[in-house]
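This is the structure I want to talk about, given as structure tokens.
Chain lettering (A, B and C) follows the sequence in which the chains are written, and residue indices restart at 1 in each chain.
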């Protein structure tokens, strides 16, 4: 799958950009991220104009300028070179490109493509990631696979049954059909799987207990995928036969919002930023620990599988014809959307 | 050297295929090997029809079917998909190729090529490998070299003098000329070196003692190479001047039959399956231990040399003209035979 | 940058060639170096004529001949094969190329190119490297970069300020302009930076104390680069305002002569042979220890930076336009000289 340019991508968790310099390669472009003196995040092309040394190896001076670590070429946050060793005159062309950057919902988003098209209103809104009413775990994993394999993985959760059976997979996940809807203009794919009166997977039993119930559950998985890179899984578990009220009231259920921001790095590597937000056991450190343990295990299984799949595909002839079935409907819709966006270089309308 | 297709190759030692799944890549084809409920070994193409995940990462279910570890596509031993998640209908094309497999003489042989041509009678017979009258050591080493370098190595044992002098090499090995015979129809090359009244190499002294003699020996090395991949070295040591009787009686000599099954894996990697069978000290654990130690050392020296040679050749321009001498006669005959088989795609007549 | 052939290159420190065999790859050519019975260093192409096994894996016999470790082909120091296993007749073509080798100033120089053009008088003279009046530290570092990146690094010492500030870099190095002179016929580039009344960098304070002064210094850096591979930095520190006398007398100053012999190995790897000679604290073990510590640190910083730069450039599209400023004058002169020598295959006149 080609890269999709002229898009916002998550390049970092907000807390990853601290006092120093952070390098991220997004769609093959190496970017150095740092905070200016006022705390705003800046993104510059990570290549000194002089000898192409990575600027991320340099340091910030007391004026908030970025000093190259090899020969000291110094850049302001607009990318303009403001100092060159041993001479006063600074060549007019001494300038590194900047990237549009937005810090929102504790993600750092960068725009890859034509900066004039960068409209922050197109960034998917994820307010629960910075809301005290939600407990949020977060992290990032590097995956050694082309990004569309990770999208495939996320769009078809039937793999939970086989890859994650000790944590979140039960036979019913693979057995239950899904419904898929798309909005081609807004570039969104929804995939829903509603399981009724099914066993609770091991990782969700404590959530259930926290809400005061036990035994079988209704379990809903509602995916909302914003192409190219933002994936949101709305997970709901509740006692059987108790859907949300007509007015939406659903306080008897336990909800999780699981975000994956899938950012292509190189042709064969991908950043997998993740957040798991829950509306129960907020402030409960033990629940955080349990959640981290489960998420680390599940993520590790996905990363291992995807690394292996990439290595397998990379060693095979191209042109192989996959076989797709009903469970792939959502992933195929996502692929078609990505192909359309990539090939046309089309703008994604405001979502 | 090109791969030779339409041939049987050793893919595993029988004991390597136990309760689980074993992956082997033979002539570039990834195969998953396992035992069905009746104990027979099955070989399937190691690629799920759905998303190409390696089936060797899956598991066997209680019916003896193979379940993909990613999304649960399930295959019977004939390669037919018998279950797909979340739907009853199974696409007719959901089928993975099978490989002809024969378990014989404690080797697992697979046929690479057109399955209709697979005739088990063409597998070289090695009954001593499963005969209580012989003590057999066995194992497998992966070598990071193109397969023909390993064939070269085995066909010219003069290298024992230089590479294996502490174990099986004496000056006389390199000094003694060989005779080479071929049967182009049966695809066999024989190379013989008969050394008379020569010192015994260190690894063979205990065998000599077990037969009740000491001092100098007659030492015969009779190679029988079945192209493309089966190599048998008949080793005979005896007191000087006591050849086998006219009726073949030779109980005063110590015999070893040393088998190497050379199986190309990828262009630059090769499986080296080996067996060392002896007709003396059968059931003697100490002799087994000594034999393993010697074989491990010799094999390690060969693997190190071949890994280095492959890395050297891979970094060099092609078209280099080697210089060949008398000792290379057998190896050159083998190369010609391999080139003929590879280029013509010719069937090897029953051997 | 292309390789420059028909040149002398340092292939080893003299002490690296001891009783055994030493492999070095120079301009992509693998060479085995060893001492013959009379102690002279010989260089042979590291490839047996038989099966191309690296001769450096073999051994020297009691006659001083080199025996291949695989099948025993044996070569005299002129590269002529003198023994082949199992036959008396030695093919006339059994001969490996030799390399002109000169041991001088405790370096082993080899000539890469047409041996008929190899004139030892063209080797730059470095007598202080083998002079009891100088204390000399020496070593070799392998760098994973194309060789011209190391030349760039050495020709522009303004990087000391940024990369080596804890050891030898002060702000004044980057601030002080340089003068560059070239002799295109002799293939020499001189770059001089004379800093007056400046702070002494940490690594040089003990030298200053040894000469009985403290506080600010005059610090001179006079580079003499002999293309393609020999770099000499004459470092002088002295009390401010006390230049050498008209007759050259300069015993109040501390001098270092820092040699880097830059030898291309492969397209992306380079040998960095180094010597640090000083005319003070000669025979002082503690000064040796201090010197090694500083040099190891500085060299490690350079190696890390160059490895990173090479990896960065190797992953980028070609055709990128660097921006050069005044500090690059010397490096650009060196690059032009190298390009001229490489492209014309021109002989370097006696230097």
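Keep this in mind: a contact is a pair of C-beta atoms (placed from the backbone, for glycine too) under 8 Å apart; a residue touches a chain by one contact, two chains touch by 3 or more.
Keep in mind that this is a model prediction, so the values were computed, not measured.
Enquirer: If I list every residue number at the interface of chain B and chain C, are over half of them used by both copies, so same, or under half, so different?
Expert: Counting shared over all numbers used gives less than one half: different.
Enquirer: Can you grab the rotation angle between chain A and chain B? Superpose on CA, round to the nearest 5°.
Expert: 120
Enquirer: Hey, how far is the Cα centre of chain B from the one of chain C, in Å?
Expert: Going by mean C-alpha positions, chain B sits 49 Å from chain C.
Enquirer: Using the touch definition from the top, which residues of chain B touch two or more other chains?
Expert: Expected reply: no residues.
Enquirer: Hey, which residues of chain C end up touching chain A in the complex?
Expert: Against chain A, chain C makes touches at 152, 156, 158-159, 161-163, 174-178, 305, 308-309, 312-313, 316, 320, 322-328.
Enquirer: Under the definition above, what is the set of chain C residues touching chain B in their complex?
Expert: 30, 47, 49-54, 57-58, 67-72, 84-87, 91, 93-94
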